[in-house]
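Everything on this sheet refers to the single structure shown next.
In this document, chain identifiers A, B and C correspond to the written order of the chains, with residue numbering beginning at 1 in each.
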Amino acid sequence: MDYRSLKHQTSTLFLTIFLLLILGCFASPRKSIRSRRPCKEMVFYFHDIIYNGKNFKNATSVIVGSPAWGNHTILANYNHFGNVVVFDDPITLDNNLHSPPVGRAQGLYIYDKKEIFTSWLGFSFVFNSTAHKGSLNFAGADPLMNKTRDISVIGGTGDFFMDRGVATLMTDSFEGEVYFRLRVDIKLYECW
Amino acid sequence: MDYRSLKHQTSTLFLTIFLLLILGCFASPRKSIRSRRPCKEMVFYFHDIIYNGKNFKNATSVIVGSPAWGNHTILANYNHFGNVVVFDDPITLDNNLHSPPVGRAQGLYIYDKKEIFTSWLGFSFVFNSTAHKGSLNFAGADPLMNKTRDISVIGGTGDFFMDRGVATLMTDSFEGEVYFRLRVDIKLYECW
Amino acid sequence: MDYRSLKHQTSTLFLTIFLLLILGCFASPRKSIRSRRPCKEMVFYFHDIIYNGKNFKNATSVIVGSPAWGNHTILANYNHFGNVVVFDDPITLDNNLHSPPVGRAQGLYIYDKKEIFTSWLGFSFVFNSTAHKGSLNFAGADPLMNKTRDISVIGGTGDFFMDRGVATLMTDSFEGEVYFRLRVDIKLYECW
């Protein structure tokens, strides 16, 4: 091997590197090169106790738009269609309502279908524990008759600064139309 | 050319590569290197039939906060200011209300201006067709007197796992204040 | 140094570069390599004048779900729990309500706690000035008794196409329960 051959070999390699660099980093930087392995994983439970006129002390949520008893719309009799519910639910690490809360789930949900129970959620987890400070923000459809439902984690603050991901909701338990317990498996795929 | 010159040349090239590598991949990784060419493009129509007290069977949406007839606020008489509408609208591939729906648009919109029709939307497309499973979540202002309005695609699940983008709304047709048909051009720029 | 040694050295360097390339660009591309230096920073004020039955002309927002005076739920007497407010507030560059607005803050907030004033926000900044065209969309919890509160910038359109970030809210001034002025420090960390 002489200089020329070595130089040629070197040049070829450089070209390959540049090509890879350009293909890998510059072209379509937001496609297909992302890991589907979560960068953070957490499980929480939250507990929704809907105000029924008698449970003022314990209630954590209240129907504020078109409840059936408000006589606003006949549609509310159909799977609560049109009900708007505002909530401030305790978040716990296990499925016990009386466990020390690690934060509050705050926001609203609406029932948005005549034929079946289905809701849409916009809310935040506001953490206030030794383990987590900050908040995660969620939005998405919650077809609650399905065993699992995926919604989007659309942003975060504090410990969860700029994070994004997907949260899977499961109805862990319910009692009539007053108490709901949701299990949430949070998987963040974009961590800062 | 002797060894030294070759070595020098090689080193210079390495330095250049490293510099490019650092500049292109590490510094300001979320700026200017992104393609504005969508990684997914789709067009859908959705059909909103507002409950008017008489169209129970066909209605896909209902005013649940401060309708004018609820006498809650005089402001509702001004371009529906304050109206909160919950909807579950069929999504079709063309502009025909009776085409087989590929999913449902579910969420809420509010009318939020006294002087002109303007709304704000928080909703999801929940797909359930052979072509698409999963959901896309949207949020944004909809100044509906404008020909086109851009809102954000803030997340997705299933086939649209973690996707982000921009959706352009156009009022394709309307009949009085009962039927609205919206054309949505969805462009996703961040695909996983 | 002979050819072989040079070749060996070259190969080792190539290997190192490839390794760095793979580690830096391909593996976990959404973790830890991001700058926490904002790519855009802006400060705005917005002015919320709540309709109280007498201020029709100036009002920029209205309680549409379960106001205390609507007698829907006794809970509204407790820190407005359950109130849903729709707003269309002017945005200004300084803290003067009468400065020329650069856009409108449009959306909704809810009061979502019995024990203390706390709200949840879903809204957009719709810009319409020589400096900015387009919109920014926000969502998050607003524990308004805290001096500063962080919410998420979940997307943008126009000049703010696809942007994401964090916005810090501060109550700049208030008069009774009718006028609120919020200062918003917007920091975008993901710019396109």
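Convention: a residue touches a chain if its C-beta (ideal position, glycine included) is under 8 Å from a C-beta of that chain, and two chains touch if they have at least 3 such contacts.
Note that the structure is a prediction, hence the values are computed from the model and not measured.
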Cα superposition of chain A onto chain B: how big is the rotation, rounded to the nearest 5°? 120
Quick one: compare the interface residues of chain B with those of chain C and tell me same or different, with half as the dividing line. different
Could you state the distance in Å from the CA-based centre of chain B to that of chain C? 18
By the touch definition above, chain C meets two or more other chains at residues 6, 10, 17, 21, 25, 34, 64-65, 84, 122, 139, 154, 189-190
Which chain C residues qualify as touching chain A in the complex? 3, 6-7, 10, 14, 17-18, 21, 25-32, 34, 36, 64-66, 72-75, 81-84, 110-114, 118, 120, 122, 139-141, 143, 150-154, 164-166, 189-190
Contacting residues of chain C [partner chain B, same complex]: 1, 6, 10, 13, 17, 20-21, 24-25, 33-35, 39, 51, 56, 59, 62-65, 67, 70, 84, 86-88, 104, 106-108, 122-124, 126, 134-135, 137, 139, 154-158, 161-162, 189-192
